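There's a structure below that I have some questions on.
Here the chain labels run A, B and C in written order, and each chain numbers its own residues starting at 1.
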Amino acid sequence: MAEEKSRLQSLFEAGHFVVTGEIGPPMGADTGHVYKAAEELKGYVDAANVTDNQTSILRMSSIGGSFLAQQKGVEAVMQMTCRDRNRIAIQSDLLGAWAMGLKNLLLLSGDHQSFGNDKQAKNVYDVDSVQVIKMISDMQNEGRFSNGKKVKGVPSFFIGTSANPFADPAELQLIRLKKKIRAGAKFVQTQAIYDVDKFERWMEKVRAWGLHKEAYIEAGVMVNKSVRSIEATQMVPGMDIPDNLIERMRNASDPKEEGKNIVLEIISRIEKIEGVAGVHIMAIGWEEIVSEIVRRAGFSPRPALN
Amino acid sequence: MKVVLAGQSRYSENLKTALADYGFEAISIRTASELKALPESLPVIILYDAKIHPAAQDKNAAAKAVLGLKPQDLVVFLMDKTEEASPYIENRVLDTALYLASVKRRVAVLLRSTRASDTAFDERLRQAREKGVSFVRYDNIAVEAEMDRTVINAFDGKLSVTLETPLCIDCSELPDPEVEAFIETLRVKRFGGGCISGTRWYLTQGNTHKRNVKFINTIELDGDIKQIVPALVDDLRALDRPGQEKVASVDSKKCAFCYTCYRVCPHSAMKPDENASAMMVDEMLCAACGICLAVCPASAITFAGGDKAEAKEESRDKLKIFCCENSAFVASTEALAEVDASVESITCGGDISALKMTEALKTYDNVLVAVCCDDACKHHDGNKRLIKQVERLKERLEKLGYDPKRISCVQTGITMTNLLRNAAEKALSGGGEK
Amino acid sequence: MIIASQKPLDEIRDTLKAYDKVLIAACGTCVTVCLSGGEKEALELKALLGLEGDKAYRVVTPERQCDSEFLEAFDEDVKWADVVLSLACGVGVQYMAERYEGKPVIPGLNTSFMGTNRDAGYWTEMCQGCGNCVLEKTGGICPVARCSKSHFNGPCGGSANGVCEVDPSIECAWQLIYDRLKSLNQLDRLYDTIPPRDWRTSRDGGPRKIRRPDVAIEEV
């Protein structure tokens, strides 16, 4: 059983500005897909999220994908949603994941199944995201399952969660974030940021509430390679993309380059915001671009651990 | 007979006196809460003076508004922007526009319609034109207010005109909270407003959907108010004959007290009878449109009193036509004289339920329901209700494997005989197999 | 109130294929009020299905199909029929089936939810009968029934402009809860974390029963 802290946790604690990436597992049991993405990210990110049936599209499990990514030397941030599992399955899967060497865990409510290809599916939501954080955090701290029974071999995940600075009602979203942190979330990844002004205002509130001192806030950014991709992103619930960015993509002679420029501009601004402890780069399906973004943003090379 | 005069107009007292000559006791009330406290079966006339932008209503205010403008600046009166202006507002605007033109101002009046049928109004327009007022008729309009000027783009369906003005006077009627409170209290669904002016008078009742509510908005009277009172009195007396017409009646044992009829009744004639845990009909208000019969889920409502429905001829096994008495039935004498069909008069399209239509399909190959044109329904969209009923029934027939074309509907008017005849002929030939 | 909607007509017709005498049983309570299974709908069904002319139909309307006393009066009608097409909610259909041994009882409705009649012809879900009401914590708006994800501790990240991510026609329950608690000056309640639910009181504990020994006639 792994005892040391994850690389991600250690870097946060050492005060480094952390860079994470994202890997979407394949729609099948093909290992090559994850291996390839991991190889693209290796050395350029400190860890990579492996999504859990994101937007409810049925894929290889996050546990499996995370394990494969770690085989290729990329530390995984395993994602776990409340959509598909009840408290029995969540705790059981996490025990297995920890036993296989996964150390970072991002707990989420999950996109509703109506977004994916299995709209007919029944959802679970036995626990919500605040409750699941509390449940796993309590399990780790007290060595007991939610049912009170003793855990033999207690995991020690570095628990994170998500936040959407652009969702409504703004005050309640912040209260919920506070509850998640109070429940035991140690790091927070935000929804992809396009509207930096709005994000700055959100961070002001985060600082006023002192939340940045209780958890590491990682700002999410997304790399779009085409007009279609940014337009599709805009359709995702909770996304807030200023029109001028979409216009820029539409008018660009080289949309790929423009997409990179946009994300680099966003990164350069959010990097300077007080309380932002890292950046989470989402480039699913375009993983090869992450190395360039990281280099051009001046984040390369990534720090080594002592 | 008593009649309630709600609200206040400059001519309230005149009307009160005139009504008294006919033996009516007019009760003046000023607030909606007083209205609530009255027995609800009294006829109500709402009186008020319409208010518009002062610069359109009042010559002095208009003179003040143009102070400081350059002589070449255009002054624009924008009429009918939200809805068609009442004759009173038209007259006020024309007066102020004429005045400004007479003091050598450039004036344009933008309006949606010029009511060619009204000779008195035509005459006023002609006078104004002669005095130099420009009239611009439009169908669509875009108004953009900038710092010190307004740019207006008016389009009449063929041409578009762009006007620039430092003073654009919006002549929409300003909301009157007092009147709105009355409307709210009376649960009136659509408020058109009536008008009395020198040579013309309008008492709008059809728009109110409540038999005992009439509206007079501003009374601008050059002549004698007495000239309109006889007609008003006739209307009021007609209200005082309950029981002669058929009315809806609720079987309180069957009523599920679901409030559906209460919600859909265009005449606000349904009221809860708490003692019986059922709805009851306010016979003063009921217009026997039949909409409640068609929607009642418990089949608890029937008509009591005289039955208006009269079948012209029975069982010709071809086509059944239900005709609204307010439009198609009037047109049917001429339109359907040569058509091989059984014609039945109905109070309103809203009265025709899916059950009635389906039952007719047992005897007839095809069923046609002829109702009023869009806004002509006297029962607040009973016609549209029918159209939706027909849509639903068509879908259901199709599910069962029948030709949905066996049911059809048409919107028509008293004089639209060809339209009705064509619809009937189409129903006869284009309908489905039995 | 229980809200239901009628099954597609072709589906109803197909389930009746094998029978000659059909008793259409409306129900006089919930489904009458929600316009799906009252006498009017029953008569309409009779007329529509009767266009074929191949079967005999009879319409009855018990006050409630879920109480045996109301059914008694219709025992003879049921005896006459080969099949009962019940326009009651799922409760009524089952209760009739239980009462009339050997008589097929077929549902004419899809029982949908417990909800309210917001306006003529418009019903919305309000309650899921989870057996452990939390409305006192959430300003009288149910997070179980009205949040698409049944969240207990605030909205997910998909709430924007008061609208749920699942469908723009769905109001975000947590926006409603927030607005309501704000107007009640009780926003502080939102800081409490509601712990995971004990779902045994809901369907997850198996079919539920309620007994009132003080009312019961025989000891159970």
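FYI, contacts are C-beta pairs under 8 Å (C-beta built on N, C-alpha and C of every residue); 3 or more make two chains touch, one makes a residue touch a chain.
Everything numeric here is computed off the predicted structure, so don't read it as measured data.
Distance from each chain's C-alpha mean to the overall C-alpha mean is smallest for C. When every chain is reduced to the mean of its CA atoms, the largest separation from subunit A belongs to B. Subunit A and subunit C, compared by their mean Cα positions, are separated by 40 Å. Once the centre of each chain is set as its mean CA position, subunit A and subunit B turn out to be 59 Å apart.
Interface of subunit A with subunit C (complex): residues 82-83, 87, 109-112, 114-115, 123, 125-131, 134-135, 146, 162-164, 166-169, 171-173, 175-176, 178-179, 182-183, 191, 237-238.
Per the touch definition, subunit C reaches subunit B in the complex via residues 8-10, 13, 28-29, 32-35, 38-41, 43-44, 47-52, 61, 117, 119-120.
Put simply, subunit C touches subunit A in their complex at residues 148-162, 165-167, 172, 174-175, 178-179, 187, 190-191, 193-197, 199.
Against subunit C, the residues of subunit B that register as touching in their complex are 254, 256-260, 263-264, 295-299, 353-355, 358-359, 361-362, 396-397, 399-402.
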